[in-house]
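Chain nomenclature is as follows: A, B, C, D, E and F, assigned in order of appearance, with residue numbering initiated at 1 for each chain independently.
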Amino acid sequence: MLRLAPPDYQRFIQAEHLVSTFGGGEANVAVSLSNFGIPAEFVTRLPKNDIAEWCLSYLRRYNTGTQYIIRGGDRMGIYFLENGAVARASKVIYDRAESAIAQIKPGMIDWKNIFKEAQWFHWTGITPALSQGAADACLEAIKIANESGLTVSCDLNFRKNLWKYGKSASVIMPALVEGCDIILGNEEDAEKVFGIKPEGFDVTNTGGEVDALEFESVCKQLMGKFPKAKKVIITLRGSINANHNTWSGCLYDGEKLFQSKCYDITHIVDRVGGGDSFMGGLIYGLITYPGEDRKALDFAVAASALKHTVYGDFNLVSVAEVEQLLKGDGSGRVVR
Amino acid sequence: MLRLAPPDYQRFIQAEHLVSTFGGGEANVAVSLSNFGIPAEFVTRLPKNDIAEWCLSYLRRYNTGTQYIIRGGDRMGIYFLENGAVARASKVIYDRAESAIAQIKPGMIDWKNIFKEAQWFHWTGITPALSQGAADACLEAIKIANESGLTVSCDLNFRKNLWKYGKSASVIMPALVEGCDIILGNEEDAEKVFGIKPEGFDVTNTGGEVDALEFESVCKQLMGKFPKAKKVIITLRGSINANHNTWSGCLYDGEKLFQSKCYDITHIVDRVGGGDSFMGGLIYGLITYPGEDRKALDFAVAASALKHTVYGDFNLVSVAEVEQLLKGDGSGRVVR
Amino acid sequence: MLRLAPPDYQRFIQAEHLVSTFGGGEANVAVSLSNFGIPAEFVTRLPKNDIAEWCLSYLRRYNTGTQYIIRGGDRMGIYFLENGAVARASKVIYDRAESAIAQIKPGMIDWKNIFKEAQWFHWTGITPALSQGAADACLEAIKIANESGLTVSCDLNFRKNLWKYGKSASVIMPALVEGCDIILGNEEDAEKVFGIKPEGFDVTNTGGEVDALEFESVCKQLMGKFPKAKKVIITLRGSINANHNTWSGCLYDGEKLFQSKCYDITHIVDRVGGGDSFMGGLIYGLITYPGEDRKALDFAVAASALKHTVYGDFNLVSVAEVEQLLKGDGSGRVVR
Amino acid sequence: MLRLAPPDYQRFIQAEHLVSTFGGGEANVAVSLSNFGIPAEFVTRLPKNDIAEWCLSYLRRYNTGTQYIIRGGDRMGIYFLENGAVARASKVIYDRAESAIAQIKPGMIDWKNIFKEAQWFHWTGITPALSQGAADACLEAIKIANESGLTVSCDLNFRKNLWKYGKSASVIMPALVEGCDIILGNEEDAEKVFGIKPEGFDVTNTGGEVDALEFESVCKQLMGKFPKAKKVIITLRGSINANHNTWSGCLYDGEKLFQSKCYDITHIVDRVGGGDSFMGGLIYGLITYPGEDRKALDFAVAASALKHTVYGDFNLVSVAEVEQLLKGDGSGRVVR
Amino acid sequence: MLRLAPPDYQRFIQAEHLVSTFGGGEANVAVSLSNFGIPAEFVTRLPKNDIAEWCLSYLRRYNTGTQYIIRGGDRMGIYFLENGAVARASKVIYDRAESAIAQIKPGMIDWKNIFKEAQWFHWTGITPALSQGAADACLEAIKIANESGLTVSCDLNFRKNLWKYGKSASVIMPALVEGCDIILGNEEDAEKVFGIKPEGFDVTNTGGEVDALEFESVCKQLMGKFPKAKKVIITLRGSINANHNTWSGCLYDGEKLFQSKCYDITHIVDRVGGGDSFMGGLIYGLITYPGEDRKALDFAVAASALKHTVYGDFNLVSVAEVEQLLKGDGSGRVVR
Amino acid sequence: MLRLAPPDYQRFIQAEHLVSTFGGGEANVAVSLSNFGIPAEFVTRLPKNDIAEWCLSYLRRYNTGTQYIIRGGDRMGIYFLENGAVARASKVIYDRAESAIAQIKPGMIDWKNIFKEAQWFHWTGITPALSQGAADACLEAIKIANESGLTVSCDLNFRKNLWKYGKSASVIMPALVEGCDIILGNEEDAEKVFGIKPEGFDVTNTGGEVDALEFESVCKQLMGKFPKAKKVIITLRGSINANHNTWSGCLYDGEKLFQSKCYDITHIVDRVGGGDSFMGGLIYGLITYPGEDRKALDFAVAASALKHTVYGDFNLVSVAEVEQLLKGDGSGRVVR
């Protein structure tokens, strides 16, 4: 998607120009990985025009593979982002009607070929939200990935404003999530998509820190519902205000709940893509530190905490920078 | 439409931000008129979101009426503009699929009420190009305008990339143009829409100045085809290169062909909206100098020559500035 | 006034350009109201030049009425604003000598006609500070407003650097405030203009939060002095530093003191116009929720807390956004 | 003066920021000289505020002396500049009412002390246009300069919008010009200030090149009127349009008329300050090449032709660059 | 190299920021080719720091291969560019002392491996100008390329300010050029490097158009000196001024001189990299149209004429755009 | 040095332009002093090119003397700065290889002449880190300063990435520091250069506030090692994160340790140059308040706390602003 955002804290009505970057759930994860040195291909459908060429060029900046992207359709999805401040919330206006990816159908992408050399397939709940065709194509990909022996991960990523083609997330998502080895979500996703609530935890509470322990019940319920899943991960955002969040996560491996450190992000630069950078960090961690789930979780949380300091959807911090933070140095002292 | 353009002469692939303005054929004419002090209402359909609010605010800057704009639909049309230079052409990428105005249907707008106090209705060939519904709504408006005794004008404005809903301009346009008192177009419009060619004139010639006299035959043929028309006007652009054009026009009143001065526009700031500013100047002239077609034509050409020095789709020059140019002062000397 | 400010946190001496917006006490209140959907006319005097046309266009963006603005005089008032940070204070340099509004005299504006359809007249202590003529014209307006049965409100808005024409605020203001139904001010205004001090409260204390209860005595003293007043409102700003303020207010209706929630504004975008947005919110609240003073006060405080997140003098948040904050959601979570 | 200009070719009504530089007739000449290595002091009156400090800092960038600038008064003069294009003229809006320099009176500046080490005093017709006090102070300076044996030069610089204090240029200027050794002006100045017209030359002609020879009669008449003058210089601007001018000059030494080469300036960057850069180049030339009037004239014309390629009022080209152009190299080939 | 340039036509002394792009002779050719769809690897040496990472990312935007770039050394070369206008020349300030590429030595790059799959090797006269090591490494590459059967091309690219390590171009270059199949240069290169002058042609003439026929003698002399060369190509720039150049070229194949059309580039956006884009177009042409030297030459000239409309060192126009210009359409009409 | 920094919080890889300012340890101190009204000359070596002229112009803005700067050498030092946020650290990339100052040798600067009218000489540990020549020239200056009776101060300023010419700081620095009357450093400098550690204090702790009392031992050890020193000053930075620091300092006069207030800098604008602004404030204080070390220290800490709110290396706050903060007003309330 083309992301268009007024600079600084301008409202749309004040804008004279829109800062143009590219992003979107799956692209953000792919860029995270290629940026960390893990080869990653972003697979999607884009129209044949100069805006799409611009998008391809943008992805190449960060070494993300674009060779399997198919071309066709009328337009690229756009989202408009207005950056909030303090008690004024950021706003996202989706402009995805009739985008090339929304018009996709099963059979268009040659998943078998793509998966030949691959070991991992990641998808998010945004794709099946776009259209029946996108949901079908997503399911097709998951099935072929399962057959090809790939690890399959998903980010539930519930966006209520996207599900507009007549089916709800609760109807479509179960068949897709069934094929997943790793499920990531936040408190709201679990409830809105599967009706799963933590016990004794008030999800309408939007301010302050949250108690991660209460999410163990969510994880267990998810794993019960989707027995293929080996790990369930929950991201925990405490929204003190639009500039100041806390950020942590927990990972449940079917037996234990690992809970990460909680980062205090006092001067957010850009929080969009935070969850995707978590997923990117998690996949990096699970691949790099096999069998060390805590290390993978810690890496994911630190990587995505740092993402909040980078403008745009993409997480452009290095592995060395994440490791520095993991060593406990969040002082921000000048490196020279 | 939201217009998004890289700054200066950047290509899309180089852009880090897009300059955001609003424009479009009919809006440009409405702004021209309100800017010249003629009350004008822009009538269209816009979605209910913050991008549309921004558009309304933008129109109000120039005193253009927005009270009859209806709200609904998914999205606003967008066009991307890449500014060319010398031999590199400017590029427009339309992104209008499923825009609110493309989804319009007859009956949605209360034309009778709108026309109650009005004396003039103007439309362009862009609207019927969008969808069958838009073509039907346009025809509805023309008929009610005719019944209400308004002067009806149109700009043929043929855009081959827009006619995509299964009908061609040559099928749809005749019924619409039939209701018009005043028809404006350029050489290409007449040929592409109605197959009308000037005799002995090579329309594939894209460089240098053109000989206006050869267009008399075009005017006569158009008037023969559409007998309600009282005036046919042709704009004449000589494209020396993307920075340097000549600009003039001629008006045929059924008897005589008036031909304007030809302006040499050596350092174009923005040529998009040039034809619309011509139409705006013409309507201003015909209303302000009734019975003085030459004066109206001269005003239109001078106004639109000045438009080429103003960034954006809208013509933001004053009547006094047009009159100064009409007096022969194109020296650009500092006014202090 | 034209407002000219270096971008970001630049000092004047570093600036290469100045961000240009328009603002000023009364204009800010008018824009607040029209932005909330309450028809409002801004009445002032502007010169006949392109800078004033620009100002008019700017006001129209936000639907604020400009039809009663009279034209004449030499120049428009300007203020230069340098945005402070942490312990470095923001600086305002007024450049209002011989502005069109400072040269105004009674009789220039046809208040009777303007007030024919109006129900409310608001003025601020800035206008009578400019010149004897401006003070006289302000008094004239208040008297005619009283005669015409309008509600009259004022914001005391004491600015020591403006009172330069030989009369002090304490001499001029009483006659003006006498005609007011609603008086708004802060702790400093009451003391500097009328010598009214809260008991036991140290007004030289500039840091940290303030205790609103001590202002009840100020309200009572003001109401005692100006018996026409039905409500006295005090805005309470706690200046922790230039980026971090607390913000609340209290309203005294002659019997009870209502005290609002206190907002913690940790990352201010722009605090200029904060008081004006309070007044705009208050008038909106008093009109929209008649008889519900607490609700009006709460709306005013929430609206103006949000103003601190919007660049420029004007408060460009929607009623829905204020209501969201009033419901307790100050989390700034992304809306999508 | 603070100069405020929308960027690129924006109209005021489109501007979101104004590019801020400093300039003005006498300052521009002083900067030209200090930039060429001739020590120069700019003498004026500025208020005691941060905008004036900013101005002082700006002058120091180019090594211009500021030690004799006195401080006081309310405000600094401002001018707003809108950059024209092709047939749309640039616009200057003066905002100089009650500026510190307009409030000056004789006796405020200690000219005797300033002139102690000086050899040249230059003034322009803009200063006496501001107020009676400024005209008186200017006359005072000229007299003391004459007594102190300095060369005195002036640029007539007629600006009709400035003479507003009840006296016309034709009444005030003669006494001032009487004290001058060197008089510079253009065709319009001579006519508007002294009623001197060239024979057989149509000064209302604003387009194209002008014939310098016809100005000999103007020079002779000026020298006849002001017998102290040893040289009269006329700048000749041919305004093809706002982007394209021709530029030359002629110098009359009482006997011969030297006429310079005519430069074709096809892509003007900024023409404001063109005349001042001519004067700066001329003073440099007369000091550096004593007795070689042609060389001084040629240097002046080449220097000011180059000024048209530099943004802002100031001429920031080097002596080496002027000399390169004087050698005939106007090719603009990259120097590397 | 990192290229740092003040925006628009600012002089360095006016700049508040520098536009940052990357470029340099060989990189520009590589980008031209990859942009036209010809796989190309840029081979160089860059330090191990974030500035070099940025450079790599920048090259990837345009699909240029970076896999053979070796890492080491202290710093990246920089060049500062000041954009000239009209008679004021653009200025390049090289800042390449101790750059990673200047510190290169033979043996550092594994040319044999790199050339395994390659068919073409291109170098420019800038590399051997940097240091003895760079000259030696360049010679090493040419020899291995010859052995590996690659076509070798060079651009003489004489820059007098670079040859500072004690050897002159005339001493170093012959051994390098000896290995070339294709030699490109301009009039100045041939004279300054090899002392070859066209007969009867005044190379000090910097303005206006040049007569290409006189360069046949230069081509013949070059081919006589370097018998391996199969084609000699000369670019012909007519510098009317910094904004307006003419541009053409001629190719000598040992028998005939092909001379291209001459393009009139009236509003240059960026002329740096013009020669490199010629070379890129030529290699594209020679590969794509084997045996059709005229077509290759025409493509090269048209491609590089279009380069003058693109900001930065790189030529970002498409093959389709070049072909459109070759068909004779230089009108710059809006494509929509 | 030329300082080049991406705007806002961009990473290098995202940058399209670099904000260009000038700075460096000694220059920053000189600007601090001249900005506070203390005449100060910056003495260094710069190349003869336009980038150096730009630097000179930049220094003159703030009244800093440039008359003793010698010219020669290849290039100016550059440093690239990436602004960090929260837990992401700012990064400085030095690009100083072969800079003019690194190539300096004793005898190049005429210190005797420069010191004739001077009373103070300040140097920093950055200069001897550059090259043996620079270290030698620095020692030469210190010796002549001692002979000439100047007060000599130094800032230890250890930068591990600079010491690359084969000698370590611990070898070079002692001879230089021996000549100093006043020594300033932070905890890290003392340890890294002289191996001096505070007792019981963990210097690897990078977060939170630090306990200044533990530094008394550091001061005593330094004074013991360098008996000429009359005062040792330590700056204390608590790095909560990249946006939020605490800042204080302590001064030891051989008998007592004065400890300043600790400022909480919650929204840093630019922390680079913080230590230099401390030194600038300290020298100002020691000169202005002789014998009042506490006052000098307090001034230094307040001045440098305010520096953190000013973009660029230079501290551009006024004495009045520092005094306001010293009076306890850090509220940042708007001054109008």
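Brief remarks on what is shown
Convention: a residue touches a chain if its C-beta (ideal position, glycine included) is under 8 Å from a C-beta of that chain, and two chains touch if they have at least 3 such contacts.
The structure displayed is predicted, hence computed values, not measured ones.
Shared contact partners of chain B and chain F, listed by label: A, C, D, E.
With rounding to the nearest 5, the Cα superposition of chain D on chain E corresponds to a rotation angle of 120 degrees.
Mostly identical positions are employed by chain A and chain E in their mutual contact, as over half of the interface residue numbers are shared between these two copies. One simple way to say how far apart two chains are is to compare their mean CA positions; for chain B and chain E this gives 44 Å.
For chain F, residues touching at least two other chains, in rising order: 11, 13, 16, 57, 61-62, 91, 267. Shown here, the protein chains touch in an arrangement that is not a line, ring, star or fully connected set. Inter-chain contacts, as defined above, occur between A-B, A-C, A-E, A-F, B-C, B-D, B-E, C-D, C-F, D-E, D-F, E-F.
Those residues of chain A whose C-beta lies close enough to touch chain C in the complex are 8-11, 13-14, 84-92, 94, 159, 161, 206-207, 239-244, 267, 271-272.
Residues 4, 7, 11-13, 15-20, 49-51, 53-54, 57, 74-75, 78, 80, 82, 91, 93, 95, 97-98 of chain E touch chain F in their complex. Partner chain C is touched in their complex by these residues of chain F: 61-62, 263, 265-269, 305-306, 308-312, 316-317, 321, 324-325, 329-336.
Partner chain A is touched in their complex by these residues of chain E: 57-58, 60-63.
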